[in-house]
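For clarity, chains are labelled A, B, C, D and E in written order, and residue numbers in each chain start from 1.
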Amino acid sequence: MDTQRREGGLWQMIWAFDLITLIFLVITAIISLQTKDLLSAAMIFGVYSFLMCLLWAGMAAVDVAFTESAVGAGVSAVFLIATVLRTTRRSSD
Amino acid sequence: MPSSITSFTPVLASLVSLLAVLPIVLLGKKPNLREGATFLAAFIKFGLVVSMLPTILAGSTIEFTVWEIVPNLAIAFRVDGLGMLFGLVASSLWIVTSLYSIGYMRGLKEHSQTRFFTFFAISLSATIGVAFAANLFTLYLFYEMLSLATYPLVTHHQDKEARTGGRTYLTYLLSTSIGFVLPALIFVYVKTGSSMEFSSSGFLSGHITASEALILLLLFTFGFAKSGLMPFHSWLPGAMVAPTPVSALLHAVAVVKVGVFCILRVFTGVFGTDYLQDLDIATVVAWIAAFTIVASSLIALTQDNLKRRLAFSTVGQLSYIILGAALLSDRAVTGSMTHIAMHAVGKITLFMCAGAIFVATGKKYISQMDGLGRKMPITFAAFSIGALSVIGLPPTGGLISKFYLVTGAMDAGQSALLVIFLISTILNAAYLLPIGYRAFFPKDPQLAKQPFSWKTTEEANWQCITPLSITAVLAIILFIKPQFLLQLAGLMVGANG
Amino acid sequence: MELLEALSAKFNYWIYVIIMMIGLYAMISKNNLVKKLIGMSIFQTAIILFYVSIGVKEGDTIPILYHDQVHPSHGDSHHGADTGHGEDHHPSHEEIVANLHIEPDDFANPLPHVLMLTAIVVGVATLGVGLALTQKIYRDFGSIEENEILESIKSAK
Amino acid sequence: MKSFALIAVIVTGWLLLSAVSDFPDWGDTESPANDYRLSQHYITETFPETSVPNMVTAVLADYRGYDTMFETVVIFVAGIAIMSILRRKPLDHLKDKGKETRTYKKDPDLIIDTTCRLMIPIIQLFALYVVAHGHHSPGGGFQGGVIFGASFILLALSRDLQAAQRWVPEKRVLNLAGVGILIYSGFGFACMLLGSNFLDYEILHKIMPATPIEARSHSMLGVEIGVAFTCTAIMFSIYSNLASNGDMKETL
Amino acid sequence: MIDQSPAIILLAPFLLAILLALLGIKREWLCFPLVITGLAISVAASVITLMRVIDEGTIQYFFGGWEPPFGINLRVDGLNALVALAVSTVALLTAIYSKRAVPAETSDKVSQYYTLYLLSVTGLLGIVLTGDAFNLYVLIEISALTSYALIGMGSKRATLAAYKYLIMGTIGASFYLLGVGYLYIKTGSLNMYDIQEQIVANNLHGSPTILVAFILIMVGVWIKMAFFPLHAWLPNSYTFGPSTTSALLGPLVTKVMIYVMIRMILTVFSPEFAFDQLDWSNIVVWMSVIAILAASISALAQTSLQKMLAFLIIAEVGYMVGGVWLADEMGMVGSIYHIIADAFMTLCVFLFAGIIFTKTGRRDLSAMEGLFTKMPLTMVGFLVGAFSLIGIPPTAGFFSKWYLIQGGISSGHYEYVAALLISSLINAVLFFRIIEIAYFGAKPAEGHGHHHEEEHNGGPTEASFSMLFPLLITAALLLGIGLYNQEVVAIITDFVSQFNIGAIIL
């Protein structure tokens, strides 16, 4: 049964993966908030959500990751895009 | 130890006018029946109060606890000498004023008479409630109730002037009672943890420090701003915009007397004169009162509006009572208790006269009243008697209480205050006597020449004249037979010693 | 090196604070209503990240029992279809439980996951409502910039 | 506002970070959260008590089923809220025609149309699988429901709103959502009627052909289906309101 | 047989909300009876629960049959039971009021409105009853999401106010969630009582994580309750939303959040930690003093009735926060009593504001001109509410102020006492300004006037029964709670005394 544990090297990899994803998360978050074009912001937010979902999957939170991929990266982004298209794309900040 | 009897009567005495509100409102469309209800309630109330008199004179007290509303703190009634005295004054004068207000309101065809009589009755309930309150808490409840119930009366005319007057009225009364009395009350409650029942030896001693005591005393004295102590007096002249019966009963009798009554209670029932003497802090209050007496008399001299002059006179006279209490000597306290009654009778006469003059002639200013005595002899005769009583000259009751106050001051060894009494009496005479004198003996030779005849009199209607005559006579009777008042007051003071 | 270790051991927590503050800053300072909502979502996902990080155990796996733990015999996986009659192919629930050995450290802590499922749903619900309000505001005021809207309210007075 | 925001952020950030050093290390198996009997119980006892191998599902739908019911309600509320904020009668919209409108009763693009035609049934099938297999694998009512809802959103995106509305008209959407919660709470109320606590599924073995423990497992499946109903309906409803700016006429 | 009454309190409005959503869309006439049924059941269950709590002490109800900390439980003690009763009663009264107001103000969305209304009440009741820290968050979000929508259905500006509320509310709720996370990371538990046990068992009171958790939860809750510097979302939300919304949320949301604060301090962190170890009492009391004064003065500056009342709510929040943080048993009792009293008095004045708005269509103060003659009964109800807010005996407001001041004096926080008194006086000014306008008219005539006799033509008439009834009942309740305050206070004291707050500061 122990074979199923993610011992040693695998765990180290997860750790590295975790670190890199986290850094990317910060970057996407900033970009998404700094973009003047709201449509791009919405898209990048989708990317952010997707990275988040990867991260959680790496942390063995599969259910959370699954939900986030469906809800955060999927539906939320669609909602945002719908609103942007229904209002305006320009943003002053 | 005086025995105490449990009886529902004091509660009933307070409630009866509140219950009368229902028929008054329901009968609003039928003025005669409505006034009938008012009268009935007034007589029942008076009867109830009088029925308790023998018991009280015998040295007992009557008690009733209605409701424990806050832990250890109840709405409770207790009738003792002081309460009885005040209750008698208020309930008897209600009858008189009811009659008078009917005459006045109908004479001037005032609007919203039902509202007027309704709140009049509620105010009386509150007044009697204050008189018979057994503890500080109950006292405060009825005190607040009175402030609010009189607001519609003060602002009865609903015009701009009334609004200003009403604003001042409530601002002063509510801000002092909420700002000063309420915290003082709760402070006392927290510190003593007791039920705050009045007792002749006070219940504060031992629970608070001397500086706290001084602060508390000042909070209470200024907090009961209905007493018109300077600098919280200016609501009183402002409230004179009210119809005269209101001024008469409430601002010469009920409201202001409630104020001084509360202060008397604080001095005698909360602190206890002995405790105050030990602390030696009452002098501060005495001097504030002395200042008020002189200052208000001086202001009264300058007033041309009769009701305003009377109002300032009231401010001064009330301070006599406070001064008497603050002197702490037995005689002074007796004097100030009796002065409640004496001044009430005298001042109500004066106010009713002012109202009668207004009803008959529409005149408000003293300068217009030259020679009016010839047209309204009864009114001005009564006015003169009232004036004598307020000044404290024989043959009126005012003399008795002043006598006690002056001798009390001597007992207390406050000779400086004697001078104050002297000055103020002269001032009183100076602002009251000329009115009556001029009315009968006008300056204007034109008027002076007019011959007097009963046929040319233009008195106000009988509902106005009767009550003021009654009170004028009462003022004289109280000179002849002041014993039972002194006895009631003595009950309180005697218990002290 | 110690510092690095201390840093690395709690790296997730550091980053979650940073992401969260990015979101919070956007929520407060951004003028654009949609931007604020994006900030809000970032803010909320940062909290979710924090929670999920709590539940991680070194060397853990997903919080689902392995197939062979639950089905020791090679029966089909329709558990529940059997009511425990004890035939060889369908061991009863009690039998499975009796043979079950679960090492808690093998599995990630499931509780934070459960909580965060709820939080994600709340997040999307809030986002949806926020977007709806944004659209309504745009319909009413013709703008989704906060300062422009406030000005139009002021000038309307 | 910016400087205020900066101050707020710095203060909050500092506050949050100041506690980080006190945290147990990331991945620490001995940390209180991981070591406490609560999570231990969930890991070791879930299967014995509920016969569901997926601990998350079991905790979600049973131990903390009450939470999850309200989580479903959150979705439901969001749907109703968005509808009540945004929805307007089409008539209203015609009045302010001046605004930019993008009515394209579009000719369906061949590639998109075909792809979607193929994809949608597969997506829906997958959604059903996610719902049904939530006991054994990641997934459950939420995920399945959202995916199912997404399939309709895809339909609406690829064609237009009307096309999707033919499948799920507005009225039915709301009813579906309500029914979803009713299913969920129905399990709870059934337990109450049978004399047990709300959501105490064990008692349902009286009316189910199952042992008490299996009754838990079955009921969980039941409530997941309820959740899926609500999620499907509300996700689509939110999309259609947001995408049409509330008039349910035009799509993006 | 298990007693279901605690669960029914919140499940009744919940079930009816769902039924309403299903049945009410096409049958608008069905909405009102369903709402009333749900809330009436809830009130009845609250009463039964309260009785049981008085008889038996704390009641627990385990959802799913799982004992805490594994499952979620309702834990009802004297505090919960009282607040729950207040919440359900206020909701019922507002629902009666809404009969005419809602169709008038939300046109074709009646069934949605009522669904949200019931769910909002469910959320609030759930917050009050639950014994689980995370469950509380979910229910906060339910009540918040419904509030956004209930407010957003109002006028044009209401939408913007709702948006602002959404941002602030989310920050608040998220801070709370984060605080719970911080607690979880250290204790591993989510059940409130269990968290406390774990904190004590592991001696965590000194841990910075617990401290930060406490700060986060407090700040989060303060945002949600609009404690002064964090109040920006409240005034516009309660001003521009539909009148029923203001009458529901105005009295309840802030009060329920204060309940949460008390629950967190007493049950989760323990008063020793909050008052003794942290020693913040002075700071927070001073903050509340500033809050009371600032909000009262802001209220003075308002010309719109609703907005004025909204600022009053903020001032009242200051009362209660201050009262809790006096770290005095009496102050705590006063605050809890004030939660109940204040719920009804704000309800009273908001109902009044709603009636005036429906009758005149105006929000400014001059709309009240001459109302004493035109709507005497409404004014009676209003007067009781106003007197209660001022603190005039024997209304409930007087007694709550009494206990709070008592707490202030016995803990030596005279600045708090002064703030309370000043705010009472400001309230007096505020309400007598209204009374004056209603009594004299906005511009009274000069001189001796008999002018009012003729002015009976036109203007608003007495409110309809469905609006008047709840107003008068509320007024009667205010008097009742005031006169029977000892009974209420006995329950509260019973609850508070177990925490032994008085012994902490020595």
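Everything that follows uses one rule, which is that a residue touches a chain if its C-beta (ideal position, glycine included) is under 8 Å from a C-beta of that chain, and two chains touch if they have at least 3 such contacts.
Predicted model only: the values in this text are computed from it and were never measured.
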| item | value |
| --- | --- |
| Fewest hops from chain D to chain E - one hop per pair of touching chains | 1 |
| Nearest-to-centre chain - CA centroid comparison | E |
| Chain whose average C-alpha position is farthest from chain B's own | A |
| Between chain C and chain B, distance of the C-alpha-averaged centres to the nearest whole Å | 74 |
| Whole-Å separation of chain centres (CA-atom averages), chain B against chain E | 44 |
| Inter-chain centre distance, chain A versus chain B - centres from mean C-alpha coordinates, in Å | 80 |
| Distance from the mean Cα position of chain E to that of chain A, given in whole angstrom | 39 |
| Numbers and ranges of chain A residues touching at least 2 other chains | 62-63, 67, 71, 75, 79, 82-83, 86 |
| Touching two or more other chains - residues of chain C | 11-12, 18, 24, 53-56, 58-60, 62-64, 69, 107, 111-114, 117-118, 121-122, 124-126, 128-129, 131-136 |
| Residues within chain E bordering two or more other chains | 134, 138, 141, 145, 148-149, 152, 159, 162, 178, 184-185, 190 |
| Touching pairs among all chains present in the structure | A-C, A-D, B-E, C-D, C-E, D-E |
| Chain D-touching residues of chain A, taken from the complex the two chains share | 62-63, 65-67, 70-71, 74-75, 78-79, 81-83, 85-86 |
| Touch list for chain D against partner chain E, complex | 15-16, 18-19, 21-24, 31-39, 41-42, 62-67, 70-71, 73-74, 76-78, 80-85, 87, 89, 171, 174-175, 177-179, 181-182, 185, 188-189, 192, 195-202 |
| Footprint of chain D on chain C - complex, ascending | 6, 9-14, 17-18, 20-21, 24-25, 28-29, 53-60, 62-65, 67, 69-70, 77, 79-80, 83-84, 93, 96-97, 100, 102, 104-105, 107, 109-114, 117-118, 121-122, 124-126, 128-129, 131-133, 135-136, 139 |
| Touch list for chain D against partner chain A, complex | 54, 56-57, 60, 102, 130, 138-140, 142-143, 146-147, 149-150, 153, 157, 235, 238-239, 242-243, 245, 252 |
| Chain E-touching residues of chain B, taken from the complex the two chains share | 67-71, 109-112, 140-141, 144-145, 148, 152, 155, 157-163, 166-167, 170-171, 174-175, 178-179, 182-183, 186-187, 189-190 |
